[in-house]
Amino acid sequence: MSESSFKLVEGNKSLMERLFEPPAIGKMSAMAKVVAYGLLAFWSLFVIFPIYWVIITAFKDAGAVNQGPFYVPFVDFQPTLDAWRVHFSVDANCDLYSIGRQFFLLAYNSLGFVLSPVVTIAPMEPQICKVYLAFTNSLVIGLASTALCVSVGSLAAYALVRFQYKPKFGNALVFVLLALLMILATSYMGIPWYVSAAAALALFFLLARALGKRFKASLGNGDILFWIISQRILPPIVVIIPIYMMFQAVGLLDTHLALIIVYAVGNLPIVVWLMHDFFAGLPIELEESAQLDGASRFGIFWDIVLPLTRPGLAATTLLTLILNWNEYIFAVFLSTAKAQTMPIMVAAKNAGEKGILWWEMCAIIVIMIIPVILMAIILQRYIAKGVLLGAVKG
Amino acid sequence: MSSKAGVPVTFDKIAKSFGHVQVLEELSLQVQPGEFLVLLGASGSGKTTALRILAGLETATSGRILIGEREVTNVLPKYRDVSMVFQSYALYPHKTVAENIGFPLKVRKVPLAEQTAAIRDAAAQVQIDQLLDRYPRQLSGGQRQRVALARAMVRRPSVFLMDEPLSNLDAKLRGHMRAELKHMQSTLGTTTIYVTHDQIEAMTLAHRVAILEKGVLQQLDTPANIYNDPANLFVAQFIGSPPMNVVHGSLEGSSFQTSGARVTAPVSGRISKAILGARPEDCTVVAPAKGDLKAEIYTVELIGDHTLVTVKAGQDLLTVKAPKDFSGNTGENIGVSFSRERLFVFDTESGARIR
Amino acid sequence: MGAAGLGEWIDRHARTFFIAPAVVLILIFAIFPTFYSIVFALSRVKFTGSGLRFRFVWFDNFLAQFSGNEQAHFLGKVNDMGPLGWAFSLLVAGLALWWLYRSWRNGATWVGMTGRVISAAMFVFVGWILGATLLSGNPWGTLLTTLFYVIVGCLVQFVIGTGLAFLCSQPISGKNFFRVLFFIPLMITPLGVGYAFKMVLDITKGPLQPLWDAIGLQGWAWSTDAWAARWFVILGDSWQWIPFVFIVMLAALENVSKDQIEAAEVDGASSIEIFREITWPQIVPVAVTVILIRMIEAFKIVDLPNIMTSGGPGIATESMTLHSYFLWRANDMGSSAAVAYLLLILTVVVCASFFNYVVLGQLRSAK
C-alpha cells in the first residue's frame, strides 16, 4: 500500500498560474479581470456600435451622411428630423386624424371580413401614410400569426405528449401519391385545381377507409414529432413559388391572411419543439385529478396545463413574435402593396434613383428595432432562467 | 506517514455574512489531531458555511483558519490539502468510477502506475474494487457514496470534510454506512469534520460534537456530556429523542413553582420566568396525588421495549418513558415524579442554564 | 344533438382535434408545395394570358446546373483541375471509402449502409468540387458559397459564442447587463443588420474611414474582392447569430452541477482543467445540438448577401437561395425550382448526416 500523500504545493506555480490563478474561489486575479473585462468591453462595443450608427444616421441629413463620417450628434454634426419628416409630415396622409381613421378602417374591414359569408361589405381602401400602413401590417400579421402558431402548435405538442397516435405508414404513402396526381392533373392537363383537389381528397378518404386495415406498418408519436420538427429544415425558397401559385388561385395574394398562415406554418416546428418539452415536464397527476373531477380535455388544457407552462409559453410566444416581425423573404413574394410589412419598407429605400436614402431607411429600422428591444428586456427574465435551454437538452 | 498522526484545525473568530445576513458570528473552535468532530445544527444554523469556509469554497468575512500550524485563510482550496465529500456526492457523470477516484491524482500529474495502485487501494478500502469500470449512473446510492469516499481518501489529505454525506441514503443503509465510516476514520486516523442535522449521527460518530444555532456555537463537548450536561435550553431540547420535557413556572429559592405544584429544584435562585427540564426516562408515572406534579393522560403509545405516555400538566405536555406493560386511559388522573438529581433549570428569557 | 351533446362529441374526439390543425396546416402549406415544386423543377414554365403553362422536360433543369450553361454559376469552373485538386479529391474519396468499409465491417444494417453511402457520395462530390475550384485556382459557384457560409459561419459563431458564454459564467459583475446586451442582435431584423454593416464598414463614409485611409484602402470597396466580400457577409451573419449560441451555451454552462465544480476545485483542478475535464464533456450534447440548429438556419441564408453585396462581385457571395431568387426574377421558374430543390437535398443530406453521426452519438452517450 502506497503511503505517500499527494499534495499540491503552492510554491511551484507556472507563469500562467501566477497570472491567472484566482486569489480565492469566486474571485478573479487582476490579470484575468483585465482580460475578461477587456473582451467583454470589446464585444459590447461591437454589439452596440452598429445599432448606435443606425440611430444617429436616422437623425442626419443627406450632407451629414455623404460628407464623410460624423460620430457625435451636436458635436460634429447637427441632428435633424428630416428623415422623420419624410415619413410623417411630408406625407399628406400622415396626421393624427388619418391614424385615428385607420383604426376605424381596420375595425370596419375586419368586420367586413368576418361577415363576408353573410353580406358583402366593400372594404375601404384609403390613401394612407406608408410607414403607418407597414407598421400596422407588421403588427397585425405578427400578432395574428403568432396567436395562430402558438395555439395550433401547443395543442399539437400537448397531444403528442398525452395521447398515443398510430398513423398508418401506408396512408401517408397514399396521401403523397394522390397529392402528386392532383398536381400533375392541374399543371399538365389544365384541370381546375378545386376539381382535382376535391377528387384527390375524396379518393384519399375512400382509399384510407378501404386499405387502412391492410397496412401493417404504423408510425408512433416520436415519428410525428420528428416529422413536424424536421419541417424547419425546408428552405423557404423551395415552397415559396408553389405557395405563391396557391394563394393566387384563391385570390389571397397581398392579403394579411396569406402572410399570417405562411408565417404560422413556418414557425410551427419551433413552437411544437419547445412546447413539447415544457409539456413533457409536467406531472400527469394534476390532469388525472381534473379528469376525475369531470373536466373536458379542452378544459384541462386551458385551465390547468397552459397556466402551468406560462413561463415557457411566454418565451415561445415572444420568440415567434420576433421571428414574424423580422421576416423578409415570404413578404417579398406574397405582398406587393396592401399587405407590405416593415422589412419591405426598409428594402424599398434601397431602390431610389439617387442611391440609398440611408437616413430615411435608418428611421424605419429604428421604428422596427424599438419594440424588439423592449421585448428583449421583457424576455430577459426568461433568458435568465435558461428556459430556452429546456428544448436543447433534448 | 503524515496522515496517521492527524493534523489540528483551528477556527479563530470566523465570521461570515452574506449581505446583511449574519451566518456565522465569531466562531472559535479547536479540532484535535485525528479527531472526529461533528458540526450539528438545524438548517440555517451556519454549519455548512463553516465547513465551506474551512474548505476554501467560501471566504470568511473576518477571522482566521489554521490547518496544522499553517494559516490558510486566504489559500485556494487546492493548496489546503483537504478533501470533501458532498451531500450530492458530486460524482462526475461522464467519468467511470476509476476515473472519478483518480481525478485528484490526475490533476496532480501523479505517474499513471502510481495512480492505478492508489485507485485500487482506495477502492478496496471501501469495497468497490469490482465496480471500477462502471459509470456513476449504473451504481446504487450506497455504491455512489463509497465512490465519493474513495475519491476523498485516495490522495491522503490531512483533513476530511463531509457535508451530510449520509442524508441521501435510506435509513437501513445509513446505519450500516455510519458504522463503516466510524471504523474507517479510526483506522486512518485522519482529522475529520462532519456536518449533519441528524443528532443520532452526531452522537454515534463523533469524538466531540459542536452544536450551532443561528451562527453561534452553543456547546462543544463529547456526546455523553452534551446529553447529560447541556449548556442551555436549546442544546437540551435539540439532543435526545423524544426531546426533553419542559415545565413552565418560576424559581423561588430552591423550589420550582408551577401551577399548583412545587418541585424541589437542584439549584437555587430567584427567577420569575423559568423552565424546568426533565428527560422522559427521568420521569415516572405514579398514583394520583402522589409525585411532584398532578397530570392527566393525553395519549399512550407502545413503542416495543417501552411505552411513551404523554401527559398534560397545567399547560405543558410531558412525555414519560414507562415500562412496556403500562396501562392507562386517556383523561385518567395520575401523578408524575422526577429523579431530582437529573433535573435542569433554565432561564426562559435567555435560555441559559441555571447552575 | 344539443349543445351538451356536441361538447361531449368534441371531447370524445379530442385526440383528433388537438393534432389535426397542425397536421393539416403542414400538409397544405409545407408538404404539398414541396411536391408542387417538383413539377416546376421538371418543367419549362411559360407565362400565358390564362396563367402558367408547363412543359415536361425531364431533368433538363437539373442537368443544366451540373453540366450545361449554368454549371459555372452553380458549381464553379470545374473543368481544369490542378494537381493539388486531384490529390485532394482522391484523398476525400479514399477517406469516404475507408469509412464505408469500416462501417460495413462493424456490421451496419442495410438501411444504415444506404444512408452512409448517400452521405459519403455527397462528401466525395463536395470534395471534388472543392478540389476542382478552390484548390485548382478556379472560381467556385453558389453551392460552395452556401457551404462556406454554413461551415465557416457556424464554426466562427460557435467558437466566439461559447467563448463569450464562458466569460459570462465566470465571477464577473454586471452579468445580467451583458446577458441582455449580447442577446439584442438576435432580435434585430436581418435586413437592418445587413444595411447597418454596409454603412458601418463603408470605406469612404463609414465610421472606420480614418482607419481605411491610414492603411491605404480609400479607393477600395468590399464588393470588388471575392474573399473580402464573403468574410463581410460572415461578419454580419455572425453579429446576428453569435447571441443565439451565447445564450444557449451560457444556460448549458450554468446547468452543470455546482457541487461537481466545487469538488474539482477542492480536488486541485485549475479553471482550465475544470472546463476541459468536468464542464466541457457535460455540455457537448448541447453544443452539437446548437450547431445543428444553427446549420439548418444557415443553409437558408439570403437577406444578408442580397443586401450587403447583392451576391457580388460576380457571383462570389451568392447563396443558393439567392441564386434561386435571381432565377425566379429572371422568369426562369423551372431552373429556380431546380436550384431550390438541390438546396433542399443538400440541406437534408448534410443535416441528417450531422444529426445521425454526431448529435445522436453524443445524446446517447450522455444518457
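Labels A, B and C are assigned to the chains in the order they are written; within every chain, residues are numbered from 1.
Methods note: a contact is a pair of C-beta atoms (placed from the backbone, for glycine too) under 8 Å apart; a residue touches a chain by one contact, two chains touch by 3 or more.
Not measured: the values here are computed from a predicted model.
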| item | value |
| --- | --- |
| Relative to subunit C, chain with the most remote C-alpha centre | B |
| Chain pair that, of all pairs, has the most C-beta pairs in contact | A-C |
| Intercentroid distance (Cα basis), subunit C paired with subunit A, Å | 18 |
| Subunit B and subunit C, separation of their C-alpha mean positions in angstrom | 59 |
| Chain centre separation (subunit A, subunit B; CA means) in Å | 56 |
| Residues of subunit A whose C-beta touches two or more other chains | 8, 21-22, 25-27 |
| Two or more partner chains touched - positions in subunit B | 56-57, 76-78, 104, 108, 155 |
| Subunit C residues counted as touching two or more neighbouring chains | 262, 265, 268, 270 |
| Residue ranges of subunit C in contact with subunit B within the complex | 257, 259-260, 262-270, 273, 277-278, 281-282, 366 |
| Subunit A - residues contacting subunit B, complex | 1-10, 21-27 |
| Complex interface listing, subunit A residues touching subunit C | 8, 17, 20-22, 25-28, 32, 36-37, 39-40, 43-44, 46-51, 53-54, 57, 65-69, 71, 152-153, 155-156, 158-160, 163, 165, 175-176, 179-180, 183-184, 187-188, 224, 228, 231-243, 245-246, 261-262, 264-265, 268, 272, 296-298, 301, 322, 325-326, 328-329, 342-343, 346-347, 350, 356, 358, 361-362, 365, 368-369, 372-373, 375-377, 379-380, 383-384, 386, 388-389, 392-394 |
| Residue ranges of subunit B touching subunit A (in the complex, touch as defined) | 1-3, 56-59, 74-79, 81, 104-105, 108, 110, 114, 117-118, 121, 154-158 |
| In the complex with subunit C, residue positions of subunit B that touch it | 55-57, 76-78, 82-84, 86-88, 90-94, 103-104, 106-108, 151, 155, 161 |
